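Each of the next two complexes has chain A plus one more chain, namely chain B in the first and chain C in the second.
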Partner chain A sequence: MEARVLKPVLGVYCAAFILFLYGPMIILAILSFQGPGGGPQFPIIEWSTYWYQHLLGMTPPGRISRLPIGDSLLRSLTLALMTTVVSTVLGVITAQGFRARFKASGVVFYLVILGMIVPGVLVGLGMALLTNMLGIDRSWWGTAFVLHVVYTFPFAFLVMLAIFNRFDRSVEEASLSLGVSPVQTFRRVTFPMIFPGVLSAMLFSFTLSYDEFSRTLFTSGRQLTLPLTIYGTFSVEIYPNIFAFGVLTTLFSFTLLLIYALLMLRAVRSAQSFKGQEEAE
Partner chain B sequence: MLSLSSVTKRYGDVTALDRLSVTVPDDAYVSLLGASGSGKTTLLRVIAGFEEPDGGTVTHDGRRLDGVAPHRRGIGFVFQNFALFPHLSVADNVAFGLRYREDNPVRDAAELKKRVADVIHLVGLEGLETRKVTAISGGQRQRVALARTLVTEPRLVLLDEPLGALDANLRERMCDELRAIRERLKVTFLHVTGSETEALLMGDTVAVLSAGSIAQIGPASSLFSAPRSADVARHLNAYNVLSGRVRKGGFEGAGGRFPLPGELPVRDGAPVEIALRFDRISVAPAGKGAAGGASIPARFIASEFTGASVLSFFRLDDGTLLQVVAHLSGPAPRSFTKDELYDLSFNPQDVIPFTERAA
Partner chain C sequence: MMEIAGEQMRSAAPAMGEDNGVSPAERRERQERRTALMLISPGVLWMTLFMVLPMIMVVYVSFWTQTTFTVEPELTTDSWVRFLTSSTYLASTWTTVRIWGIVLLSTLLIGYPVALFIGLMVRNQTLQTALLVICVIPFWTSFLIRVIAWRPMLGTEGAINMILMKLGIIDTPLTSLLFSEFAVLIGMTQIYCVFMVGPITFMLSRIEPSIIEAARDLGAGFGRIFFKVILPLSLPGVIVGAIFVSVMVLGEFATAASLSGRKVNLLGNIIVSQVGSLKWAFASVAGVILTAIIAVVITALLRVVNLRKEM
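Now for the complex of A and B:
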């Protein structure tokens, strides 16, 4: 087909795809501005920010109870942060270990990757049974946290593995030959150069953990995380305040992404990767 | 003084270094010539400690080096791709070793600044201190790599094809500067290269690395005029090497028969290889070879004009290729006809015979 025809066709297809992708979110965002008397569906009776005020406790108490998300939001954020730190550190260390060929490295690789392949429901259920047998209390900061790390660590590991794959080892050797110890070399050379990758690994870990449902469902015990709490409200009755909350979380995620993008831009600018040095080879 | 004794390094079935022994004197420029795959980079990496040898010992100034961590060896390394720290400025790249080294780091900011400024002046990088190393030219990067190493004052600097990434006229300038800088600092440079001109130009001493061991080491001029093996002669890229047998004290082989200089320590019929310099051959039409000398009939293939000289290729009946260099400063060389037969004449006294490793 000629490019003259192909281009607009592909353009329309692409636009449709994006609309499909963001459609649900757009509907959600529109409905969050429903008036006080309206329900979680069209038509919009009256435009207002009532449900945002309701969410934040700025409306007089009424018939509709507030979303019980305060504590679970805090729990989810804490859990995601803990998971991010542990998974990223483990991911960097493991990928660093994989730079040298070692015996059974293939087996170890698949054992690590298994954590992201195994269905979450199964792992969650298995963990619940195991803790029951052993008589351990389930909690979001204990059992659920372990599963979050098992799940996100492979992602962080793969990101770092890809980064190290393109890493020019001679830069580290240059540092060693100047009398700088391996630990200092990692701190002063390797880490600044892989920092963009570390940021990506952190972003992956955070979003995957913040969002995690199936593993957490069976292992968080009595104190619920945010996704579980939101799911719980569905079983009563849905009001537009949940949409308002959805919009706020999305904005929060975008803020994270923006921070990530800015940090990334700075890191890439300052490192300009290895351009010019690869030319020399 | 650096000395390696019986150093062996294997990668699986491949032997990169085969019981290699060599001594590198203090305050000298030693160049190490080797084809790609001859193990020259492996040799440097073993000395620097990035690889450990499977056998043999490495000592530097009486201190055993093998088994010592690379950052405790006190040996500088200049990489072919420069391996600069891309996230640091020129000055920070140069200051890196002094600032962060394990042994005796320089903590005094003023002293650090002064030493960095001195070496930047030495390599001629003034004015570029605050630039990113990604924003400077190839030749400038080379200088940063050199300055970064020299500022830590190693007694021995290993240079792995340091000029390989530069273009031709820059390479010549850097050659002179490398020599001058080394003489000023009185350190030892061990410079590895695949280019025979670079090796001969740079090195006070030239070592030829072949098949994982040192084939010959000596002053550049004597090594060039008297290679001790056919292998060395081939590396110098200035000799035709022919193989044949010894007959009555002379040579018999693809090129015919001619007498050999001196007494050969082998019996009649033993295999022999001979080396004949490109520029010791004169070309005449068939049947008109210079009287009194030896002469080989060969067909003309092609010529290459290289500026100051013309390189001509001839083929013997058995397919062996011979090269002849005619310098343009001499009598103007004739032009030859393709596939025509010519006599390649030379003085048998110029032939260097090798009886040892010929097979």
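Now for the complex of A and C:
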């Protein structure tokens, strides 16, 4: 009887929690359509897309300076792509190495996992100190990039480890011993099996790097990445143009997520149709 | 990609030879181990050079001599003495620990019922996944934007004040919502709650319904079932969630920088401001202390349950 009361109560609570999660973003999205003279709060004096135009540099220069996002966006995208490629490759080969048993595997496992645990501000500080001592210039494509990989590589590694754990090696060996060429075996057997993992590792790496700033703060040198530009506005007065930016960058993240979901769906479908064929035979 | 393909083929090749009795199992194992070491070495090298070395550097520089604008590699404990005798730095250490404790508790108290609903009450697989995805999606959006989104919520002319005034609960807007410790706490709770909900939901969804039914058939009330069956079985999820939340909250500085109006100074904020004024040695001391706190917290949490056994 208690459970009968509890379930709807928890259901309502869960709905309230989801509102708590999304409420601020919804308010932010509404306020991004504030009119030209309005502030970063209610009431909305006039509905307009003024701040979006302001963000994209389509309004005449005025009192409020434009967010310098153009160059930093390009840097962040490049950095995220570089990080995605390197950490996915590192993740795949390291997880592949873990398929065989070796003595130091425990230590190596924790060494890699530490990368996602250590606070960004600490490794950032350490990297800044190291480059100071060695006299190396800091840059987003150098010092910041290697730290981004330190952060995203463990995610890619864990995802691939999970995939390889469920991976039946005998399928690969069967394919080879049945005379299928190695290239064909990789294309038809190995790749479809690890594809969902590679895709997830790439999504993790890209999103985490694109959004990363605590590791970048001390290590990017003079040229700022996108999150650093946003972080710069923390100490000054904010205007609705940053809300407009928030909406656009959220839409960008959702687009990535959607592409990922569609690719995953396709992979699952083709795996199912393959299974169907097997059963039909 | 081709490299990986090559690796797998190379490791598969001796397996075929083994059937003919050409290569003994031992040689194959040795070969495999060599391949494995080769495969893990780039990752190990990367982590050693770009994570372990910088961390050692932080400890090392904390003993350097700080002058006005530079640090000299002459070893001294001056920075340590200054940190440990300064009420400002000690206060920020205490603030960090206090905020961590409150956020950990609030994410657990707010997140657990949500996990209970999604993991245990919703038995429809599709709905369960959908709810979990809804909770996780904000994780994929920009962290800084989620922090900033609290400003128009909590401000004097913000959404919460507006709603409370419309409802007639208050007459004058509350001014202490934004730029206060409360703002930092609510911001962090909202942002990190997902990391608590996820692992707990995962553990709860693995509980066999028949166990709870058995307890109920034997006459246990919900309270008794919760404390004797559900809570112990979900404990590994709570610990994993607590580790996630702890590590992230302890290393935080952005939420405090944006929402506290400089009223809350965490160790992370100390590090950022010290680096800003080129006080590298002090920043390093704060870094070492932060590392020590995190290490103690994680060790203590891992003591509670043996994760390796439970997972």
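Descriptive notes on the structure:
By definition in this document, the second predicted complex is superposed on the first by the 259 of 281 C-alpha atoms of A that agree within 3 Å, B and C clash if a C-alpha of one lies under 4 Å from a C-alpha of the other, contacts with A are read in each partner's own complex, and residues count from 1 in each chain.
The working rule: a residue touches a chain if its C-beta (ideal position, glycine included) is under 8 Å from a C-beta of that chain, and two chains touch if they have at least 3 such contacts.
Note that this is a predicted model, so its numbers are computed, not measured.
Of the two partner chains placed by superposition, A:I44 touches none, neither chain B nor chain C. Of the two partner chains, neither chain B nor chain C is touched by A:M82. In the overlay built on the shared chain, the residue A:I64 is in contact with neither chain B nor chain C. In the superposed model, A:P182 lies in contact with both chain B and chain C. With both structures placed on the common chain, the touch criterion links A:E173 to chain B and to chain C.
Legend: residue contacts after superposition of the two complexes on their common chain; A:M264 is shown touching neither chain B nor chain C. Which of chain B and chain C touches more residues of chain A: that partner is C. Once the two complexes are overlaid on the shared chain, A:C14 sits against chain C while remaining clear of chain B. Of the two partner chains placed by the overlay, only chain B lies in contact with A:M193; chain C stays clear of it. In the three-chain superposition model, chain A touches both chain B and chain C at residues 173, 176-177, 182, 185.
Those residues of chain B lying in contact with chain A across their complex are 48-50, 69-77, 79-87, 96-97, 100-103, 132, 134, 138, 141, 145, 148-149, 152, 164-165. Put simply, chain C touches chain A in their complex at residues 1, 3-5, 7-9, 11-13, 15-16, 32-33, 35-40, 42-44, 46-58, 61, 73, 110, 113-114, 116-118, 121, 131, 134-135, 137-138, 140-146, 148-153, 155, 157-159, 162, 190, 193-194, 221-222, 247, 250-251, 253-254, 257-258, 268, 271-272, 275, 280, 283-284, 287, 290-291, 294, 298. Partner chain B is touched in their complex by these residues of chain A: 168, 170-171, 173-182, 184-185, 188-189, 192-193, 270-281.
Against chain C, in their complex, chain A makes its touches with residues 2-3, 6-7, 10-11, 13-14, 17-18, 20-25, 27-28, 31, 39-42, 90-94, 96-102, 108, 111-112, 114-115, 117-123, 125-130, 132-133, 146-147, 149-150, 153, 157, 169, 172-173, 176-177, 182-183, 185-186, 190-191, 207, 211, 213-214, 217-218, 227, 230-231, 233-235, 238, 242-243, 245-246, 249-250, 253-254, 256-257.
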